Each structure stands twice: as structure tokens, then as C-alpha cells.
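Common to both upcoming complexes is chain A, partnered first by chain B, then by chain C.
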Partner chain A sequence: MIKIVRILRPAFARAYVRIFGGFREKSWLFWEVILPTIFMSSIIFAYENLNAPKVFIGFVVLGTIMMNFWYNVLWGMGSVLYWEKETGNLEVYLLTGSPLPSLLLGMALGGMFNTSVRSIAMILIGVYVFQAEFIPAYLPYAIAIFLLTLFSLYSMGMAFASLHLIYGRKGIRLNEVMGEPISFLSGQYYPINVFPTVIQSIASLMPITIGLDGIRRALILGEGLDTLWIHISILSIMALILFPLGIYIMNRIVEKGRRDGRLILRWI
Partner chain B sequence: MDYAIETLHLTREFHTDEGVFKALEDINLKVREGIIFGLLGPNGAGKTTLIRILSTLLLPTSGEAYVDGFDVVKEANKVRKIINLVSGGERPGYGILTTEENLMYYAQIYGLSRREAKERIEEVNRLIGLDEFLHKRLNTLSTGMIQKYALARGLLNKPKILFLDEPTLGLDVENARIIRRLVRRLVDEGLIKTILLTSHYMAEVEELCDYIAIINKGRIIAEGTVEELKNMVSREVIYNIDVKAIETPKLEFLKSIDSVVGYTVRMSNISGEARIRIVMSYEDISRILDTLERNRIKILRIHQDRISLEDVFLKLVGRGLADD
Partner chain C sequence: MDIKSWYTRIKAVVWLTFKEQSNWTKLPFYITYIFINPIFEVAIFSYVYIAVAYISNILDPLNAFYMITGVGLFNFIGSGLYGIIWTIHSEREHFRTLKYTYLGFPNLHIYLTSRGLYHYILGLITSTTMIILGLTLTGNLYLIDRVELIPIFTLLLIGVVWSSQLGVMVAGSSIYSSEYGPLISEAFGGILFLLGAVLYPIEVLPPVIQPLAYIFPTIEWLDLMRYYLSSQYHVTNVDMLWTLLLVKTLAYVGIVYIYFRIMEYFVRRRGMLEVTLHH
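Moving on to the complex of A and B:
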């Protein structure tokens, strides 16, 4: 019990910074909500002009939301950890003896909250402006798949964040490598069956592809547990592998950082 | 005897593109409990590297280090529970949050509940005096306020041993005085058992520290109390010679005079004068003055001075602490 409190307290403290600090900037509504929905809207307009089936609107809304969560993992965990190092916050954090995963969990929770606000805005615009259609009855399946996907994504985020400690400024390139190609492969704006089988298989190794497909099947196509059990099983296995792997990589990199001095040397 | 801090043959190397750089070499220190221990040295001497190793942020390349008997490598978590580190010139925290919110954040990271954290912040506030800016955002604070906040953060976990890395760096005279007074109070009132303080300000170390080690190029070159260190230059003669502004390299000829142990030059941009502080192994001032005049250096004033820690450094290293 004490151990859980020791993990969660720093996490909530860090999430507070992200949530309340973020909302204190008056421009958050513009950056966090309006700008991202403009891009989503432009894709929907393109589909509408091409007379694409109505389900594509829902595809785009859900695809954009899921990619927002993925970008939050890359930028909100990885780059922020690098920034924490540069400002000296990481050094002070490590001195406290609190586990580093707590800090990352806090960043993730704060980021998730902000991304959720953005996502709700996108769903509202999708439903009320573009008449996207979702099937609420299958929401529990979608939520289960969504949470499993997030768990896997944020586990991957721990590993990526620690790579930022090793690669420093170059880590931003890592975000780009892990951003656009995954956006392309995961089928952000389209179902991945447009790809050849080999590419579909590669794309299926990523939790976001499985998660996005499962959520679309539940909320747009109205598929139930008879097909979604595959998604849930695969995502559960991914979560079981990725979480300990993320912790392991992070601990190894922090230890290496202590050895090489990369936790404290700001210019590398 | 158990020491608050002990290092045995501590060495730290960094691998750079130019090769291996030894930041610390064979450091053997023993710091008694209940004192302010000063680590004095110029920039780049290895002070910060040593403090980072002792605070578990950096591993040594070889050797051992113990804090309150705990091994900094093998028992890092035990060390972290009883220490804290405050670095001058840095502002860890979140600019968008207030001082109080930042302290709350750090207190919670130490595992305190919000209620416990609030009580602790009140205690620290009473001690340090943060009222003026407790509810101001961190990104609006002055350098002096930031350093008081940093010191407050360093006390949140009630550390037994506090590391202060250049705590008055970048502060004006008044704020530096306030911080020094606070630091002295912490030990005098028993709030902190032991403080290890690094500085390149002689006066600070002389005023605050009960015991001092002088570090240069990664090596401890002398240690003792202020008096013990000053005794190292007790036979030397020290003069301050004020001259019309000169370029330091022009004084190279002084090095060829047998009696000269070392000298420093301080320029004053306002008066257009320079002060040469010269340490001699025996009274030889008339020869020095003759030599200066022969080299067309206009002497304005001259007076014999008392020994300072800087003279100890000058004797040991052959240059002043601030001469980079």
C-alpha cells in the first residue's frame, strides 16, 4: 500500500503541473483544441467532396483522436523528459529517490487529460458539425480496447522517453521517425486493408493499429466481442510485454546515464 | 570514527572527443558531522562533479564514497533519503506555478500528503521567509527570491546532510549575505547536521566554513581550518600595490623575481586602476617596486595586507582563484 502511494503521489503532483499549468495559459484553447480540429476538418471535407461513404467521417475522427494520444506519448513524455533534464528538474527529481516511472506516469496522466479534452471537442465537432455516426451500445468494448491501447502506448513511451536522455536534442528526430510513419501505417484516416498484406502485418505489430481498428469496429461497424476478442487478446499480450520492457529499458538507461553523466550534463 | 561524508581514492573521468578528462583524481575526504565543510576551488576544479557523486547523481569511475555511512553507489536510495542538494544559479521548478505550488510539488514527490506538505511549507516559510513571493509565479521572481525558494526546496525533506553548490552564485551583495546568514543558522540551530558547501568565493568560505578543502584540477591540494590554512602562508609577506590600469600579461616579469610566490591582478573599470596582490616568500618590496617602475608601471598606492585564503591558493597553485 505504502509503495503504491509512493508511486502515485509524485505522479499526481506531476499531472497537476501539466493540467493546471496548461490551463493557466490563456491560449490553451487555441493550441489544444481549435488548431487540431481544423486539420481534422480539412480531411473530412476532402472525403465529403470525393463522396466517400459516411463511415469515413467517423474513421477520421477516431483516427485523429488516437493519433493525438500517440503524439502525446512522443512529445508529452519523451520531449518533456528531455526538457526536465535541461531545466534541472530531473536532477532534483532523482534526488528525491522517487521512481522515475512515477514522473512519467504523471506526465502521461496530465497529457492524457489534456488530450482527452481535445478529443471530446473533436467528437462533438464530428457528431454535430459533420454528422459522424457512432454506435453508443458498443462503447464499453471501445473503452476496454482504448484503455489497453493507452497502456501499451504509454509503456512504449517510457522506453522512448529514456532514449531522449541518451540522445538529447537528437531525440526530437526520433519523435519524427516514430510520428509520421506510424500515422501512415496505423491507418489514421483510412482502414489499413488498403495496404498489401505484408505491410498490414507490419502495421499490426503496433498497438495503435490494433487499438484503432478495434475501436472503429466497435463504434462504427457495431461489432461485438465475437470479433473484438482478438483485439483485446493481442492488446493484453502487448501490454504484458511492453510494460515490463519499458521499465527495464528505462532503468538500464538511467543507470547508464548515472555512469556517463548524461543525467546531469546539459549540453549532451 | 564515523564521518558524515567520506571518500576513498575517488576518481571520475569523462570521455570526450579530445580524449579522457579527469574531473576528479584520488580524492580522499573526511567530513565530520555537525560542521559546514567548504570545498573551495576555481571554476572547473571538480567541485560540482564531487557534489554530484556524493548526491548519487553521478557514478565514480573508481574509488568509494560514503554519505552518513551509506555507499553512494550501492545504497543510493538510502543516501537520497537523508540528503538534499541546492545549486546556485539554477531554477528548478515550473515557471507557470507559484512558489507555493512548486514547493507543494516537490514535497509530494518526497511522498508527503497534501496536508503534510502544507505544514512543512509553513515551517520552511517561517524559517526562510517566503511570504513576499509565496503566491507569485516562479517565472516572475528575482534571482534573490529564486535562491531563497531553492533553499526552501532543499529543506522540504528535513535532510541530515545538505549539499550547497555555489549557493550565492549570481546574487548581489545583500542577497548573498541573507543566504549566508540562513546557511549558518541551519547548522547553528541543529536543523541540518552537516553542510558541504562549494564556492569559488573566498570570503564566503572564510565566513561560513568550519573546515575547508582546496581543490584544483580535480585534486585536493590542501585542507584544514581557516587558521590552519592561513598558517601555510604565515611566513609570507603580502602587499597590495595599486597601479594605473595595465594588461595582466605585462606583469610576467614578476615571475622571474625569486621572492615572488604568486600574484593576482584585479582591474577596476570605474577608477581605471588595477590592484596587484603579491605574495612574497620574504620581504622584498623595494625590489618589486623598482622592477615595476623600470617597466614603466605607474604606482599609485602600496600597503601591506593580512593573509587571506586567496593567498593560500596563490601559494599552492601560483595563480589567483578568479584567474581563469
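Moving on to the complex of A and C:
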């Protein structure tokens, strides 16, 4: 019990800072909703120009939202330890004696909350401005799949964060090349069944692909548990593998960093 | 004007940009790195077209050509534009060298434009790859049947001029505000992508925002580029497009020169050159 409290207290403290930091400047909230919406609008207009069926609008809205979470994992969690190191905060965190995974858990919770608020605003824009159509009756399935996807994604984020501790600037570059390829493979703007089987198989190894497909099937195509159980099962297995793996990688890298004296070494 | 000195300075800045961008790894990795995003980006838009064709059985090669060339050519413009815009942010926030640059280089406007040159060179290579790959993926490579090199290279040069000046304008705003600099940069790129006739003709946009699209030279530039790439892409009046493009480009050069001087003046007066997000 004491151990859980020791993990959760710094996590909530870190999440608190992140949430309030995200709302400190109100106009940022506006921009953080508008910026992805501008790009989302371009894709929706492109589909309109191609005379695509209306379901594609919903595909684009949901895809953009899920990619926002992915970008939050990459930039809001993965690279954060690197920037904390560069600005001198990491040594302060380490001195507090709080476990590093709980710090990352706090970042994840804060990041999820902030991105969720922005995502709700984007859904409203999608529905009221672009007339995206969703089936609210299947929302519980979508939420279950969404939470499982986030759990897996942020577990991956924990592993990324620890890699950033070792690789420094290389990690930032790695982040940069994990945007478009993941966007392509996850089927951000289209269902992945348009891919050849080989690409579909590769894409299915990522939680975001399975999650996005499941959420779309629930909210746009109105599919129930009879088909979605596959998504839920795969995501549960992924979560069970990725969470301990993330913790393991984090602990190993922190341990190695301590041993080599590189944990707070800057400009690498 | 001492042309030889300026040439040396600009060459040094292009070299600096190359080193700054690439010195985190070995050259082969760096080359792979610069191709990854453009290749996947064009793959995304190819599949936007393929998905509609697959699901609705609607094949429209000219629309595919429009979209792929738009994305590919926007990559050229965007590479330089973002390269210039992000110079301010990275030098001020990450490297903390903006104040030294300001002291060390005689003209910040020319420095920023020079920082973009390296990105334009890369952009030219990646954009060509994107267009070929995208049209191959969608099965429409045959549409590139008229590559008129002289007008294309002239257009590329004009593209460098207007887009670099747009970049300097946004960088001028960014220099004034560390809080909003990155947001302004992202917003500007997004707006140009939305309004610039990149993926669709501007008639697809709601009538209320269509007039805004004419502010930028993107429409004329992209239309002319497409026209000189394919005989099947028709434009109503080539001479008119050239005239509009040149007028807009000259207007941007003039306006941006004045705007940047004003912003620089205020930044100096208010001591904002070093104000980072951590203030």
C-alpha cells in the first residue's frame, strides 16, 4: 500500500503541474485545437474534392484525434526527460527520490487529460462544422478500446522517454521520423484494409492502428462486441506486454545511466 | 555591395545549417532520415486517393496528379519556409545563440534567408522523389509528359524568393514573441496548406474563405508548375498567371523588407531578442 502511495503521489503532483501548465495561457488552448483542425480541414476538403463517401469525414476526425495522442506520447512524454535534462530539472527530480516511472505516469496522465480536452473540442468541430456522423450508442465500446489503446501507447512512451535519456539529440530525430510513418501505417485518414496484406500485418503490430480501427468500427460503422472483441483482446495483450516492458526498459536505462554517470550529461 | 564577402557569408551559413542538421549522426543515416518523412507523407496522400478509388470505384487520374504534385511541390516550399521560421526558435530556445548570430552576422534578414537555402536544396531532391513515388503508387506517372526545364527552374527560383520572404515575415513575428512564435509558425504552414490549392482547387473551399487564398502566390505558382509538368493539365491563361505570380512575389519582397525592419526595431527597443519561454 505504501509503495503504491509512493508511486501515485509524485505522479499526481506531476500531472497537476502539467494540467495547470497546459491551461496557464488560455490562448494556447485555442491554438492547440485550431492547428490540428486546420490540417484536418485540408484532408476533409481533399476527400470532398474526390467525391468520397461521407464516412471518410468521421475517419479523418477520429484519425486526427488519435494521432494527437501519439504526438503527445512522442513529444509530451518521450522527449520530455531529454528537455528536463537540458534545462537542469532532471537532477532535481532524481534527488527527490521519487521513482522515475511515477514521474512518467504523471506526465502521461497530464498529457492524456490535456489532449483529451483538445480532442473533445475537435470532435465538436468535426460534428458541427463538417457534419461528421458518429453513432453514440456504441460509445462504451469506443471508450473501452480508446483507454486500452492509450494504456499501450503511454507504456511505449515510457520506453521512448528512457531512450531519450541515452540518445539525446538522436532521440529527438527519432521522434521526428515517427510522425509520418506512424500516421501512414495507422491509417490516420483511411481504413487500413486498403493496404496490401503485408503492410496491414506490419501496421497491426501497433496499438494505435488496432485502436483507431476499433474506434472507427464502433462509432462510424456501428459494429458491436461480436467484431470488436478481437480489437479488445489484441489491445489487452499489447497492454500486458508493453507496460512491464516499458518499466523494464526504463529501469535498465536509468540503472545504466547511473553506473556510467551519463544520466544528467547534457548535449549528447 | 561587396558580393564576394556576402557569397562567403551565405556559403558559411548554408554549411552551418548542414552541420547543425546532420552532425548528430553519420551521413548515410542522415540521408535516410531526410527521406523518411517525405516518402511517408506522399504515401499518405497517395492512399487518400487510393482509398476513395478502392471503396467507391472512382478513378480520377487528374485529381491524383493535382494532389500528388501539390504535396510534392509544397514540400519544396515548406522545407525552406519551416527552415527559416524555426531558425529563430531553435537558436533562441535550444541553442541560445540568437544573440551571437545577431552580433556576428551583418543582416538578420539575409541570415534567415540563407538558413533556408540548405532546406530548399534538400526540398528539391525530396520533392522530386515524392512526385515520382506518389504518381507511381497511384498509377499516374504517365501524366508527367511535358517537363519544360527552363520555366520549371525559373518557377523554382521564384518560389524560393516568395516563400523565403514569407518565412522571414513569420520569423519576424516569431522573434517578437517566444510564447507564440512556434504557434505562429505552425499555424502559418497549416493555413498555407489549407488555402494554397495544394490538395484541391480553391473552389472546393467555402466561399467565405476563398478570397483569402488569393493573398498567397501559392495558387499561381502551383498551377504553373503543374502546367509545365503535364500537357493534360490545363490552365486558362498562362500569361496572366505569370504576371500575377511576379507581381505578388515583388509585393512580398517589399512588404516583408519593411515588416521585418519594423519588427527588428521593436525587438531591439524592448530587449526581446533573448526572451525565451523560460523567462
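The rule is short, and it goes like this: the second predicted complex is superposed on the first by the 264 of 268 C-alpha atoms of A that agree within 3 Å, B and C clash if a C-alpha of one lies under 4 Å from a C-alpha of the other, contacts with A are read in each partner's own complex, and residues count from 1 in each chain.
Convention: a contact is a pair of C-beta atoms (placed from the backbone, for glycine too) under 8 Å apart; a residue touches a chain by one contact, two chains touch by 3 or more.
Quick caveat: nothing in here was measured; it's all calculated off a predicted structure.
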item: Contacts of A:Glu25 with chain B and chain C, given as first, second, both or neither; value: both
item: Contacts of A:Thr87 with chain B and chain C, given as first, second, both or neither; value: both
item: Chain B versus chain C as contact partner of A:Leu95, first or second or both or neither; value: first
item: Chain B versus chain C as contact partner of A:Glu133, first or second or both or neither; value: neither
item: Between chain B and chain C, more extensive residue contact with chain A; value: C
item: Where chain A meets both chain C and chain B, residue numbers; value: 25, 87
item: For the chain B and chain A complex, residues of the former touching the latter; value: 14, 52, 55-59, 76-77, 80-81, 83-85, 87, 90-94, 96-97, 101, 104-106, 108-113, 153, 157
item: Residues of chain A that touch chain B when the two form their complex; value: 5-6, 9-10, 12-14, 16-17, 20-21, 24-25, 87-89, 91-98, 258-259, 261, 263-264
item: Contact set on chain A toward chain C in their complex; value: 25, 27-28, 31, 34-35, 38-39, 41-43, 45-53, 56, 87, 169-170, 173, 176-177, 179-181, 183-184, 188-191, 194-195
item: Interfacial residue positions of chain C with respect to chain A in the complex; value: 24-25, 33, 36-37, 40-41, 43-45, 47-52, 54-56, 58, 60, 63, 67, 179-180, 183, 186-187, 190-191, 193-194, 198-201, 204-205, 278
